[in-house]
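Lettered A, B, C and D in written order, each chain numbered from 1.
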Amino acid sequence: MLNERIKPIVMPKWGLSMSEGKVTGWLKRPGSTISIGDELLEVETDKITNVVEAGETGVLRRVLGEPGTVYPVKALIAVLAEPDVPDDDIDAFINAYAVPAGEDGDGEAEAGPQYHTAETPAGTIRYAKRGESGPTILLVHGFGGDLDNWLFTIDALAEKATVYALDLPGHGQSTKQIADASLSGLSQAVLGFLDTVGVERAHFVGHSMGGAVSMRTALDAPGRVASLSLIASAGLGEQIDGGYIQGFVGATSRRDLKPVLETLFADRGLVSRQMVDDLLKYKRLDGVDEALRALSASLFAEGRQASVLVSGIADARTPTLVVWGEEDRVIPADHAQALANTAQVAVIPGAGHMVQMEAAGKVNALLKEHIAKAS
Amino acid sequence: MAQNPFPLGKDELLKAYRTMRTIREFEERLHVDFAKGDIPGFVHLYAGEEACATGIMMHLNDNDRIASTHRGHGHCIAKGVDVHAMMAEIYGRSTGACRGKGGSMHIADLSKGMMGANGILGAGAPLICGAALAAKVRGDRGVGITFVGDGASNQGTFLESLNLAAVWNLPVVFVVENNGYAESTAMEWAVSCDSYVDRATGFGMPGVTVDGTDFFAVYEAAGEIIRRARDGGGPALLECNMVRFYGHFEGDAQTYRAKGELEAIRASRDCLTILSERVIEAGVIGRDELQAIDREVNALIEDAVRAAKAAPLPVADDLLRDVYVSY
Amino acid sequence: MSRKISMKQAINEALDLEMRRDPTVIVMGEDIVGGTGAQGEDDAWGGVLGVTKGLYAKHGDRLMDTPLSESAYIGAAIGAAACGLRPVAELMFLDFMGVCFDQIFNQAAKFRYMFGGKAETPVVIRGMVGAGFRAAAQHSQMLTPLFTHIPGLKVVCPSNAYDAKGLLIQSIRDNDPVIFCEHKNLYGLECEVPAESYAIPFGEANVLRDGDDVTIVSYGLTVHRAMEAATALAKDGTEAEVIDLRTLSPIDWDTIVESVERTGRLVVVDEAHPRCNLATDIAAFVGQNAFGALKAGIQMVTAPHTPVPFAPSLEDLYVPSADSIASAVRRTLSPKGASPRIAA
Amino acid sequence: MAPVVGIVANPVSARDIRRVVANATSLQIADRANILLRVLAALHACGVRDVLMMPENGGIRAHVDRGMMRARARGEDIYPALHPVAMPVTGTVADTHRATAEMRRAGVAALVVLGGDGTHRAVAAECGTVPIAGISTGTNNAFPEHREPTITGLATGLAVTGRVPPHIAFIANKRIDVSLNGGAVTDMALVDVALVTERYIGARALWRTENFRELYVTFADPEVIGMSAIAGLLEPVGRDESGGLMVRLSPDGDCRKGITTLNAPIAPGMMAQVGVTDWRRMPADVAFVPEVAAGSVALDGERELSFTERDRLSLTLRDDAFRTVNVAAVMRHAGQNRLLTGTPVPVTAAF
């Protein structure tokens, strides 16, 4: 019987395709006292580099993950325990630890297929569903994104909720046809999706353009939106970095796309080769270019946001959370203040436009708290 | 005016004459100007063979494609390529049909269905199979005509194309322009089976030999063959026996010809004379009407030469342009 | 939806999708259907290695078997392209191009220039290249340098299923003649490929591996040998950047030069014969344009200046190996990396 | 001295538009040469040692030379010597005229002709009293009989070497003389003269019936094809009878009341419906003036002359106009008299 006071820190699994990760560096020294949410170490995957945050408290008794070394998902890389736990017990724990076999498997064995598709009035929509209980949450990504933008969000929320994340039309692996490239059109597509999967009402979490889509839905179909969580959201002011939009739409090569993607993060180093390649693969799909051009023309023509929904949302009674990364270079962080009078507002330092990825722990905590309150 | 006994109306006869006269005038002018050193490169003249190109092309429209040979001026003119653009091309000017980058041997105008004169002998035959295939796939009743000399008919490409056209039942007409000489080599020596019709027969398609100096003979045979191809009847071969008034290329002393041969063919086998005598004798067209065309054609060629000489040369930027559609 | 398929399936899928999208796309070649005119099954072969298998059932007569007559049907594909179709002509083994090269380099490649920019010839000529198939001297060559030499031709050589699909779709949509080289020993190699249509633009090299110590440039099969070499070298602490050219004409000079400017060392791997090939071409370009960045002499790893031998024991020596690539990398790292060495 | 035989082999017969509009035969040059080799072997077997031949540039001679060279190389002596007539080649019908005339002057005993009706007509125009042995390599071929050429060669050899009496070996033929403007232009036909209203010569061959107005034939054989088939199917007239037949066709070519309609094989594989207004016998030596005022004259199936309202055209049939080898009669005689046995034996000794 292993000591339950010994808490393993393992290589995390971020998303379907992650099978291993490289420890790039420890942010805490052995012996440090750790609180929940502390940044422990950085892990690099072929897609992204991210910080692993502590989910437990304790003293960092052992650091096993060597910087520069690749470990499989769920491999033991550190051990937390209170100071009074004997070293022998910890050594015994380490010696006995085995990467849980079968449970790791090839991903799909874990909890059935990770991705599903739904045939909706707007066409085929790909989505992920996690969790079985609690309130229903819908994650709506932004312009050019896909459901994997919620890589660090979905499982955290799914602990106490049923979470859906979808690829909007024109995005990810959903249909590339966009019948109506307006916020209303996208909102209709989202509602059609909820109808198809049998969800009447959900807490909407929207990032960037997905935030504007969520607001539009709250205004047009208030009964379907239990709460709004707007992350670096569009629709809260006219300003937007037109260069980013144009650059993203126009880029056809790694060389062109990489600097564009770097504007999404406070830490440019987070943009990995694989992230660029994956986005290029998406952008090369037939119909994507047309879809992105239609959306950018409809929503962000001439470097300005066409729809500002501040007054409507301020008047609506939907519980609203606004989260921003202080170093957002795509939509200025001061847009967060547009709803300061009616919503909870959090601006997170050291994070950019992809704040839900760059400061996942903080954002997840805010989301959990807000949704719990609104439920 | 007498009743017209010909298979073409008077306007069409005048058009045929004008085409043939334009080719003749164009080529004779080149003959003179080349000797003066005005023209770069080398040219192969079609003079003497006008009835063949004209008799065939009278049955075609812009949707029908032709693939020509190194001796392509006549085919171009008969297919409707602009004479000014041709002359400018031969003079290497930027106003040329190919902006000065093709020259005499590569004049093309795809908008007219002229897929190019071709410096590679026999190369047009596979290409025209493709043009015919495109017409067949689209179902637009287009036909493809490839011209080949008696010499190039020995190319594998030509023989392979006969087979392919027969196997795929393509709307292709293979026209063998037999002027008796592959450059300087006699056709009798160089062609083993001695008959193009035999070659066609060997590939399971009909072959026809006509007197290529007789416009009406070419016109009538070509009409039947082209109609058959258009209707889905498949490929055929048309051999036109004809005469070349000038050398293989300009500057060819033609010492391979028998004594008196050139004089004899010019005297007795000039397709323009044969046509004009026939229509005048029938009372359908007056000599004065033909002479009026002669004067107009003369002025046209004169103007084409004047314009070509005055036209700008391609510039350095043009050197690198148009290698690819995009690169 | 993405799933693992082989390069052979990826090529088949690209043809299928493009034929669905565009009615002007036709596919022709020797035995690409198979059994035409014979008593047995329709679609008997679907290409000599089954690359086009099943397309006849979906697209019928838009797949055309041809007589064994390369000049005629390759020429016909080119002629049809000049008249508005988008033919994909399979030249079973690109070694056979000797038979019909005139149609390719004197006709297709020249129409646009020779006709003053007034012609478009959107033809794709695809076929097998490369050694390692025990197919001997006339069915195994990597003749890519012959094609890249000709202005007017585009030359593509994918190294994996994902690239093969996207590059073939781009080749079909491209308005210039494209020679599409399929390494026969990669046909069975699988990777993740989206089911949807997508096009990979030409002239975009793929950086398969980042590294700061040396740049390895290759294409086709030897990309995989280069990756093996890079993995082996990493154990010794040498991080190689591996660049897969994907398209040889146009070629992504920027990616090569940018990488060499960072690593200072270049190894070029080419399965073609050593004289006037992609390796010499790239070496010369880098020598001329990034000489200052070089810390060592450029190394080239190529097939020898011999025909492809038949005996397996010899053929295995013929294609550049991971070991020979790793050795070349080590030469660039040694203090005498720039010392002259006469290669066979 | 052994008799000399002349040969006229036309390389360009059977090359016209009827290959396209009908499925007419196209005899390959190599096969024409093979026919000639068979004829030569038969002539040699009968003792003919020298043959004169029209030069041509269509390739027949080259193939024949090659065949003879190969035989010599194998040590076989089965062919007579072949001598080309010394004359330039123009590639036109003038060659046939000239060669025939030259060979007649050189005293050939017979002329073997390979060609269609048109070739035979050209030879007949110049051969005078020299008999013709015709071999069909043309399209319609109403005139030459269809037969294995070896037999034609044998019959010719037997006839010219005097082993068959001339009254058996040779037979008289008819022709129709065509005269324009009182003889300013003359020509002739061996089988048929067709008058059509189109005035251009064009592709020469005749296969359209809509402009067809009048037909004159020397014989009317229902077993042949071509325009003369029309006559043969109305009223057969033998080759050995005196006189021929004249037929008038309806101007519209359609089938109005009072007009006989006829389905006739006017070209190989081509049946056509023609309207016939009347027909009648055409006695020898009587000049006929056609009703058609202007058009073209097709002689033995090919348009040759055109005429206008100002021209005066007349047609006259001649019996006994020229001679041919009667192959059937010669071979019957040869069989009855054991001409080809090693030593002639009495008929009764056969049993």
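Convention: a contact is a pair of C-beta atoms (placed from the backbone, for glycine too) under 8 Å apart; a residue touches a chain by one contact, two chains touch by 3 or more.
Only a predicted model underlies this, so the values are computations on that prediction, with no experimental measurement involved.
> What clusters of chains are still held together by touching when subunit C is ignored?
Leaving out subunit C in thought, the network of contacts falls apart into A | B, D.
> Show which chains lie in contact with subunit A and also with subunit D.
Touches both subunit A and subunit D: nothing.
> In terms of CA centres, which chain lies closest to the overall middle?
C
> Comparing centres built from CA atoms, which chain ends up most distant from subunit B?
For subunit B, the chain whose C-alpha mean is farthest off is A.
> If I count C-beta pairs in contact for every pair of chains, which pair wins?
Top-ranked chain pair by contacting C-beta pairs: B-C.
> Would you mind pulling out the distance in Å between where the CA atoms of subunit A average out and where those of subunit B do?
70
> Could you work out how far the Cα centre of subunit A sits from that of subunit C, in whole Å?
The mean C-alpha positions of subunit A and subunit C differ by 39 Å.
> Roughly how far is subunit C from subunit D, centre to centre by C-alpha average, rounded to an integer in Å?
Once rounded, the distance between the two centres reads 65 Å.
> Please compute the C-alpha centroid of subunit B, do the same for subunit D, then give the distance between them in whole Å.
36
> Which word fits how the chains touch one another: line, ring, star, complete or other?
Drawn as a graph, the chains make an open path, so a line.
> If we use the touch criterion from the header, which chain pairs count as touching?
All chain pairs meeting the touch criterion are A-C, B-C, B-D.
> Would you tell me which residues of subunit C are touching subunit B in their complex?
24, 26, 62, 64, 66-67, 69, 71-85, 87, 102-103, 106-107, 111-120, 151-152, 154, 174-176, 203, 250
> Could you list, by residue number, the parts of subunit B that touch subunit D in their complex?
Residues in contact with subunit D: 2-3, 5-7, 187-188, 191, 193-195, 197-198, 200-202, 206-210, 214, 216-217, 219-221, 224-225, 228, 236, 239, 241, 258, 278, 281-283.
> List the residues on subunit A that touch subunit C in their complex, please.
Touching subunit C from subunit A are residues 117, 126, 173, 176, 252-255, 273, 277, 281, 284-286.
> Can you list the subunit D residues touching subunit B in their complex?
Going through subunit D, the ones touching subunit B are 11-12, 15-17, 19-21, 23, 26, 28-30, 57-60, 62-63, 88, 91, 197-204, 294-296, 306, 308-309.
> Taking the touch rule as given, give the residues of subunit C at its contact with subunit A in the complex, in rising order.
Counting only subunit C, the residues touching subunit A are 1-2, 21, 162, 166, 194, 196-201, 204, 206-207, 210, 254-255, 258.
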